[in-house]
Amino acid sequence: MTGMARETPAGDLRLANLTRRFGALSAVDDLSLTVGQGSFFALLGASGCGKTTTLRMIAGLEEPTSGRVLLGDRDITALRPYRRPVNTVFQSYALFPHLSVFENVAFGLRRRGIRPVDGEVTRMLSLVQLDGYGSRRPAQLSGGEQQRVALARALVNRPQVLLLDEPLGALDLTLRRRMQVELKRIQTEVGVTFVHVTHDQEEAITMADTVAVMNAGRIEQQGAPADIYEFPATAFVANFLGQSNLLAGEAAGVSGGDVVVTAQGARFSVPVGRARAERGPVQLGVRPEKLRLVGSADQVPQGHQHVTGVVTDASYLGVSTQYLLRTGWGAELSVFVANSGTSTPVPVGSTAAACWDPRHAFLLSASS
Amino acid sequence: MRLSRWLADRWLMIVALLVLGYLALPVLVVAALSFNRPSSRLSYDFGEFTVDNWRQPCATSEMCDAMLRSVQIGFLATVVATVLGTLMAFALVRHRFRGRSGINVLVFLPMATPEVVLGTSLLALFVAAGVPQGFWTIVVAHVMFCVSFVVVTVKARLAGMDRRLEEAAMDLYANEWQTFRRVTLPLVLPGIVAAALLSFSLSFDDFIVTNFTAGTTVTFPMYVWGAAQRGIPPQVNVIGTAMFVVALLLVGISSLGRRPTR
Amino acid sequence: MTRLARHRLLPYLLLLPGTAWLLLFFGVPLAQLAAASLYDPTGSLSTGYAMTWALGNYPDVVQAYWPQLSRSFGYAGLALALALLLGYPLAYAIARKAGRWKNLLLVCVVAPMFTSFLVRTLAWKTILSDSGALVGLLRDVHLLAPDGRLLATPFAVVLGLTYNFLPFLVLPLYASLERLDHRLLEAASDLYASPVQAFRRVTLPLSRPGLVAGTLLFFIPASGDYVNAELLGTPNEYMIGNVIDSAFLVRLDYPQGAALSFLLMAVILAVVFGCLRRAGTEEVW
């Protein structure tokens, strides 16, 4: 227990070529990443993409088939879970049903022989706004309260890294929103590295400094939420994080700072800085909210590019209206028009043109 | 009209209560007989009312000796069977290994075998191996048939336990032993206690297997069986009633203790 | 690496004592019983038995004790039918109609077992006695002839069997009825099923695992029992257990007793595995 060095300055969490196979299946496949000290890092992916397995390997609950887990300069790959300065907020919390809230929170301190525990536990319970809940049993708490006990139980140990496994998944929407804000506040307050696993893209974007999008055991893209959203690296990311309209085409090289693309007989261009490929089969992408709907091709503003089609559907979404535009070659583009009160609704069945500023488009290699 | 409506709503509950009455009737008769002074030794009918039987429950010292022996056997068999069965349950629920289904069948078979067969086969073995039958052969036999029930009971409790609780403990700096001591054991304990109580009652009340493995040793059920031919002392009913009351009190206390405290 | 090796060995270490006990005191004795059933039937316990692979012991005992054999399964079957008739409504009422009395009623099902099995069976002797109130009443209303008896009849034995093993049938049945989602019955009635049809098409099939487990837990001890036949019946009601008991403890005819024992076990196991195969093993295992 004494090997638990909370005095040593925590370093970055690094995963090096981490791999976990279950039989023939690679749940995590040669994954490498660095989580900066004190950052709020989100691992985002659909269920079964290997994100929870990655988390469990950091916690020590799963042994990697190969690869290493490093904390600062320390290799913790072979350490048992109870020897790691890492704590976990489990999915559906795993609170000990036979212990009171107080004893749940005190559990880690007691195991490490820290005494007295009262001050620490009380302080932590008030940090998560559960003053006076100490003597209750977990079964007597609501979902949100249980979630906060789980958080307090992990944080009271002042881990160098806090792992959160879908911590808000069991909560209803309003509570989830509130807890998101609260989690973020607590993270800023305690300054601990948070690694947050979630399948909820909105949760990842709003909370994390850095998001890594996982797919089939690998990381597809990693970066600041806005960077990933504005310039996705792959088609998977483009569609998993928000929606994208993707047009298949052929890039024909750079001309005047732009990559020239031919798609469905029309020519488009994308600035070089927003292209992942300059030659060969590509996908031209534009986010639905970056598209504007105009009545015909001659109403397209100067410098914008466009495609024309027939409006097949309009769904009112509250803040915006989503139009579906069927193009001549049968693709369907999604267009969000903000309900700002300045635009008139476009009737279903009418022809229209969707246009965009080339600086808002992005170009992906078709093989990704 | 109203009566038929009332009956239509409640006939099931009425049938259920009648069946419960059928189950309870002998217990009431035993309680009544414990206050009976029979007209003759071989009579099973009511004679006159007396409290003598309760005043001197051990008037027949053989009976109380047998009773004590049953408690001893029950205790020993329970301890051994609970330990062996709990270990097996942990292995079966927590580990994947070769021969797992074979072990499951081995655990299941004694429960599916009639007691006469268990008893006679042990007798055949003890006779063939020249083992003298008595106190210890009874214990051995009781452990054998109790183990399976322990395995099943503890297995059910373990299987219903969330593995993540143990992972959470490990994550919170509890090593393997502390995890077992602080999380696993407290959570499985109700199952183990239930298994031990079941073992004790199976052992204490067993007649058929005991009959074949006892030699000349007399347990309480053996005493009752023998006395049934010679005439039953009314104190047998005192013991029967007392057992019932004690067990019922235990159930009552444990159910009160389980009520959540606010 | 050592942790891994220890992890591999651990289950076997945990299993070792219990498995050894079961093999030694269940497996080996059964083998010995099988062997004894093939001993030379002309030997005796004092002179010792010779192993002659006397397969003829089996047809011999079947022929000699056919009445007791058929009575065993007949009485047990009759008692089972009676127990199902009494036990199903009881289990159903506790599981679905008892509300907050549920736990109390469950205790009432189990509580009689707190009193010794033999003592309770002897109590039936008092209840069914010729000079008892029940016989008197039945004679008065002419359900029983003036010299008619209850005790020492097949009726008494079947009643005793039903009584003694009824809780074993009710408990698993209760468990499976309790798990049944009441919305399924609402769905059935929404889909035009009458209460009777809903019971037949939904409740009954879904309670089958409990029904199978309860049936086995009832039938196994009932068919091997000889206490009820001995205490509540006469030699005319003796079952196979009585014969085995006397073969081993009175007549000391081990080959015969062993052959009967083994036969009983074979029939029971055939019934058990037949039932389990039909029900799917998972629920009962």
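Note that the chains are named A, B and C in the order they appear, and that numbering of residues resets to 1 at the start of each chain.
The definition used in the following text is that a residue touches a chain if its C-beta (ideal position, glycine included) is under 8 Å from a C-beta of that chain, and two chains touch if they have at least 3 such contacts.
All of these numbers come straight from a predicted model, not from anything done at the bench.
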Chain closest to the middle [Cα centroid of all protein chains]: B
Most widely separated chain from subunit C, with each centre as the mean of CA atoms: A
Cα-centroid distance, subunit B relative to subunit C, in whole angstrom: 16
Between subunit B and subunit A, distance of the C-alpha-averaged centres to the nearest whole Å: 56
Centroid distance [mean C-alpha coordinates] between subunit C and subunit A, Å: 60
Subunit A-touching residues of subunit B, taken from the complex the two chains share: 162, 164-165, 167-175, 178, 182-183, 186-187, 260, 262
Interfacial residue positions of subunit C with respect to subunit B in the complex: 8, 10-12, 14-15, 17-19, 21-23, 25-30, 32-33, 35-36, 45, 86-87, 89-90, 92-94, 97-98, 103, 105, 107-109, 111-127, 129, 131-132, 163, 166-167, 216, 220-221, 223-227, 231, 240-241, 244-245, 248-249, 254, 257-258, 261-262, 264-265, 268-269, 272, 285
Residues of subunit B touching subunit C in the complex: 12-13, 15-16, 19-20, 22-27, 29-30, 33, 44-46, 83-85, 87-88, 90-92, 94-95, 97, 103-104, 106-110, 112-118, 120-125, 127-128, 140-141, 143-144, 147-148, 151, 201, 205, 207-208, 211-212, 220-221, 224-225, 228, 232, 236-237, 239-241, 243-244, 246-248, 251, 255
Interfacial residue positions of subunit A with respect to subunit B in the complex: 1, 4, 59-61, 80-82, 86-88, 90-92, 94-98, 107-108, 111-112, 137, 139-140, 153-154, 157
